[in-house]
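What follows is a set of structures for review.
In the two assemblies presented below, chain A is common to both, partnered first by chain B and then by chain C.
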Partner chain A sequence: MKAVTKTGHTGSKTIQTGKGLGRVFTMRNVSLAALVIYFSVFMIYPIFKAFAGSMHDWNPLIGTYKWVGFDNFRLVLSDGLFWKSIGNTAVFCLVSVVFRIVLGLGLALLLSSKLVKAKDTLRGLFYMPTITPMVAVAFVWVWMFDPQFGMIDRVLGLDINWLKDPNWALPAVIIMTIWKDFGYAVVLYLGALMSLPRSVYEAAAIDGANAWQTFWKITLPLLKPMTLFIVITSLISYLQAYVQIMIMTGGGPGTQTYTISYLIFDEAFQKYKFGTASAMSVLLFLMTGILTILMFKASGDMNMEES
Partner chain B sequence: MRIRRVLATFVATVSIIALSACGANGGQGEGQTDTKADKGLKTLGVNVKYDPNHLVNKGKPIQLEYWSWVDKEQDPISAMTRDYQKIHPNVTFKIVNVAWADYWTKVPLALKGKNGPALFAVHNSQDALLKPYMAPIDIPADQLKADYTGVPAHLENGKAYYIDTVINTGNIYYNKKLWKEANLTDSDIPKTWDQLVTVAQKLTKWDGSKMVQSGFNLNGDEASAGYPGLWQGLNYQKGELMFDSSGTKPNYKNETTKENMQFIKDLYDKYKVASTAFGVDMGQSFGNGQTAMVYQWGGFAGTLKLKYPDIDYGVFATPTFSEQTPFAYDRYNGESTPGVNKNQSKDQQEAAQDFLKYILANDKFIKDDAKAFNSFPAKKSLQNDPEILSMPIMAAIKPRIDRLIWPGPTPSTMESSAKKSFQDVFQNHKSIDSALDSTQALMEKDIKGTGFKSLEPAYAFYKEARR
Partner chain C sequence: MRARKMWSWILTGMLFILALITIIPFVWMFISSFAPNSEIVKVSGGIFPKPTTLSNYRGIQEKFDFLRLFLNSLFVSSFKTVVIIYTSAALGYVFSKMRFRGRNLIFGIVLSTMMVPWAVTIIPQYEMMTKFGWLDTYKALLAPGLVNAFGVFLFRQSIGGIPDEIVEAAKLDGAGDAVIFHRIILPMSRNSISALAIFTFLWNWEDYLWPFLMITDEKKQLLSVGLKMFSGRYGTDYGGLFAATSIAIIPVLVVYVVFQKQFIAGVASGSGK
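Coming up: the complex of A and B.
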């Protein structure tokens, strides 16, 4: 390079330009630019578009885009199905999150104890459903829930038409979701358990704490940041859940298993009413935001009380 | 350092290529150059004529993309592309199969740009989504009218954007093996609903309190099968229209729908020929030989061929409430000709129009379509064709053809909301009145702003409808 810069004015200029470009096209800059472009195109732009779309009579498939102000919000908030979907979503989220936490923590404690052998195999087995695509899992569970040849009724000796029974359809979807997702909590809790300081447990043992007291007074409080993380990520994920509803029940029987995200999907991609779907998305966005803030606030208050 | 730069350059290049690929337009294809205009072939057709002795795209290679939700092996259009290529070797086709659920978002978005498919399958329930991107068929309306039934309903300012190739409607599919096992013969084929109930009872089997074979099953969520399709036919049989006199407001909540819902409920509760606990999908149950009779539209023939090729089945016309001629036997819906993308290049559109003319002038296509969809040809010259009429289903439809009503390209809510109504009554145990109330409200909400107007007044016997 240096030798070239000495060859003359023109050559020197060329190399300097090359050096400048080299400085711009570094791995860091290119990766960063790719990420910025990705997030701008697939995250930021759609969010702003949804906000704008919520104020319009909007069907991008045929180019309809007319200003309607807050009409979509009025329509959504006065729709009984919207509130029913909110109720179903609340039940779906609450039950799924609680079971994900309880099962995840329980199995993680079991795997981290000396009682269980073949820990790596079990950890892999528990995590497998989490990495399997939801579509495939949901289809398999549809067959398992089938009242004629499904495994669940046969094994348990039941006679329930799970996905067509108004009392069992939502629980059936929740059971499948818990089964698919608990491995995520197991792996995270296992990691958290392994990183807990041994000294605290040694001190507790010296003080004469039994296993139950150690769990309640030491393990659980120390796992709080991880629990909060799992609760918040689970809530965000479950508020957006619709694939399992679409495949397993189609929102039915009737509208018994409509969740807010399935309603948004139905409104946008079945009825092509993207304006009202966007208004629902904005409301869901606000709900998720408020829930997350409340969770952080509750966790902060608890920390303050403890300290 | 050098490796990182190479990597950075690689990432940047790949990104640029990926982005530029999004806007790439093939279109040239791998066909051979065609120099022979005179193919020595006869002109096809009676009124809509196709003379194959010409060059398409001046003989230069061209590739037409055709999108469809129908499986390539089942789609008669795919077969026609192969025949067409034999005549015009410079034209190749790229057939893209898109799942039905995605089709109605992917296709309009693709058609918006300049690189969308030149040809695409059309379903008239999605008329409002596709029509803005369609070029009119480049054949005079008079010629189309002379050759095909139902053309006037498709004309807009004297131009047709798509027409019906075959007339599809609901029929009863029955399992011949189960029929024989119940000692039933062809003379037992029911003409009225009462007769069907009697036959269905003979075909139903129980093991204690558990049903093991259904005589007539309506369980399922398919749009045109079971209740979502049948309610319209039952109402029409009694002269009840699907829309009010304005043509824009659904007419679901009425005494006729209530009466017919009760009739279907009786099939389950009183006559016990069906059970909500007996599986969730009547088509699957029929295919597995557990259900003896189902109400299905023509497309079911394709499903049976693909998924249950061993099932030995027959088809007979949907019964009526009495042996007198009803207001209409059922609703019909045409299978549509493919659409031509008006946003594609002039060359692509011209070649696509040429292909369209070829299939409309070609009897083979209509015959294949009729067989694939168990539906009656809309082409007049084939309506008395011995080969067509030798099919039992065609013989069943033919005498009824004038008494089948088309309400227009009805929005899908007329079926999807009816499905919810059925589920509310049969699974959620709501009262019929309450289910009809909520379904009427849902249909009204969904149809608002779609611009749909019923074509029921165009039906020849419209004046006979209930008021």
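Coming up: the complex of A and C.
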């Protein structure tokens, strides 16, 4: 089957370009060759280099690059801060993803209701935090959380030194992240809701299903591919989040808000320990891969009949 | 009918209240950017400082060459956005409408790079740029990241939705792939172009670590790194910081407003399947 269509394709090509050279430099060949070369240089090679680097004592400042086997991994895995960062990352990811899904789906359902007016404006307002640069809004939130002048304590009448309090620093960063990101899920769910088939809803209405049943039995299952997409892309991006931590807490107070990506940033570009940083990044890579595969597996098992 | 109208008002009103709560940090930042520092750090008084002055905006240009950083960022982000849209569309076309051996394998590899954390590739890329001698040049900022797996994925999905007959008909008329791509596929991909424009412009505009590592010359630096430097050096100048951030978010908002009409449809076609 493949071979047939392939010859069919090159056949039409011959008619059109004629010359031998034109057959080699087709759009397909040129773009694929460019892609392979480009990816090899900027993606594949760096990945291999990271794996190799994780086996070396590697410091670019003094120019060391010495084979040490699995020593870096042993060092990292026995480091308390590494495990603490993993724990923080797990909390950070879980809470942020759950809120992103719940808020995103809830608001998207409300916004898709026929009763709501001025949808474009509302959507734009909800999406505004998502399309503003993280560095910029992180600074604003440092100020929002300020115990003396900040808006949050004043409006809510609280007395919490959010970013300096060991118990509240991580929640503060998570609150800011949820605020920044829920718009992404709103927009994606709105897009998915728009493309749901009308006929299913009409059939449900004829069968006398109420709004609650329609939501649980029809809308939610039909949205499953989108939910999976949002959960996976969110997980991948939250595992890599560091900018808000760098700006809002610098990992502190103490090491209370270290996440795995902030730890790698710190290890690599503030301490210049490239070897151990590479070992950590390899571990992060493995975790991301395993989590992604697990998500696909879990959703596939639950969801055979729909897809 | 009347009850329906009332519900419509209540629901819309409720959502507007939620939306206003969402954007309060922006409102607050914007108002504060017109207030003197003494007003911002006042413990007593209202929640919003009184906007009375333009000196914060004048200050950022004098203290650090804000306009320059702004234009640098604008150039780098625009350049990369345009190139990424073009490469994504071309590869999306190749992967969705052309058949060849290893198509799914290559596409699978491209797609799987989406889950490679920046932390994995950034150290080797940093070293690579050092070896190339590209540190402190825009080559280092522009060369990596001109192909985007997410973009290729988005376009493969949307171009896959264009009927094969259209491509076949054009071929019968003697059009080559490049012609079909530029004359037919690209104009039909307006939704995906809009969605990707919004995403890539933002990603590049807010990118912090790469320019931070690559550029040391302050004149060449990008705005996101500049904001951090600004806050460190003038630690107490919140008015200036708010003025700078207020301007820093304008370009992304403009890009969103320009492309938003097609944006939702683009997102729906790209990731719904």
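The rule is simple: the second predicted complex is superposed on the first by the 260 of 307 C-alpha atoms of A that agree within 3 Å, B and C clash if a C-alpha of one lies under 4 Å from a C-alpha of the other, contacts with A are read in each partner's own complex, and residues count from 1 in each chain.
In this text, contacts are C-beta pairs under 8 Å (C-beta built on N, C-alpha and C of every residue); 3 or more make two chains touch, one makes a residue touch a chain.
What you see is a predicted model, and the numbers here were worked out from it, not measured in a lab.
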Between chain B (first) and chain C (second), which does A:D165 come into contact with in this model arrangement: first, second, both, or neither? first
With both complexes overlaid on chain A, does A:I206 touch chain B (first), chain C (second), both or neither? neither
For A:Q256, is the partner it touches chain B (first), chain C (second), both, or none of the two (neither)? first
Between chain B (first) and chain C (second), which does A:S31 come into contact with in this model arrangement: first, second, both, or neither? both
Using the touch definition from the top, say if A:Q148 reaches chain B (first), chain C (second), both or neither. both
Considering only the touch criterion stated at the top, classify A:L156 as touching first (chain B), second (chain C), both, or neither. neither
Is chain A touched at more residues by chain B or by chain C? C
First (chain B), second (chain C), both or neither touched by A:P133: second
Touching A:Y272 in the superposition: chain B (first), chain C (second), both, neither? first
Just to be sure I read the superposition right, which of the two partners does A:P60 touch: chain B = first, chain C = second, or both, or neither? both
Residue by residue on chain A, keep only those touching chain B in one complex and chain C in the other, then list them. 26-27, 31, 60, 148, 269
Can you tell me which positions in chain A touch chain C when the two form their complex? 2, 5-6, 9, 12-13, 16-17, 26-28, 31-32, 35-36, 38-39, 41-43, 45-47, 49-50, 53, 60, 107, 110-111, 113, 115-118, 120, 122-129, 131-137, 139-141, 143-144, 148-149, 151, 154-155, 179, 187-188, 190-192, 194-195, 225-226, 229, 236, 239-240, 242-243, 246-247, 261, 264-265, 268-269, 274, 277-278, 280-282, 284-285, 288-289, 292
Interface with chain B, chain A side, in the complex: residues 22, 25-27, 29-31, 34, 37, 57, 60-63, 146-148, 159, 161, 163-166, 250, 252-256, 269-272
The residues of chain C that touch chain A in their complex are 4, 7-8, 11-12, 15-16, 18-20, 22-26, 28-29, 32, 40-43, 47, 87, 90-91, 93-94, 98-101, 106, 109-110, 113-125, 127-128, 130, 143-147, 171, 174-178, 181, 198, 202, 205-206, 208-209, 213, 224, 227-228, 231, 238, 241-242, 245, 248-249, 252-253, 255-257, 260, 263-265, 267-269, 271-273
Considering the complex alone, what residue numbers of chain B touch chain A? 4-5, 7-9, 11-12, 15, 104-105, 108-109, 112, 128-129, 132, 210, 221, 276-280, 285, 290, 412-413, 416, 419-420, 423-424, 427-430, 446, 449
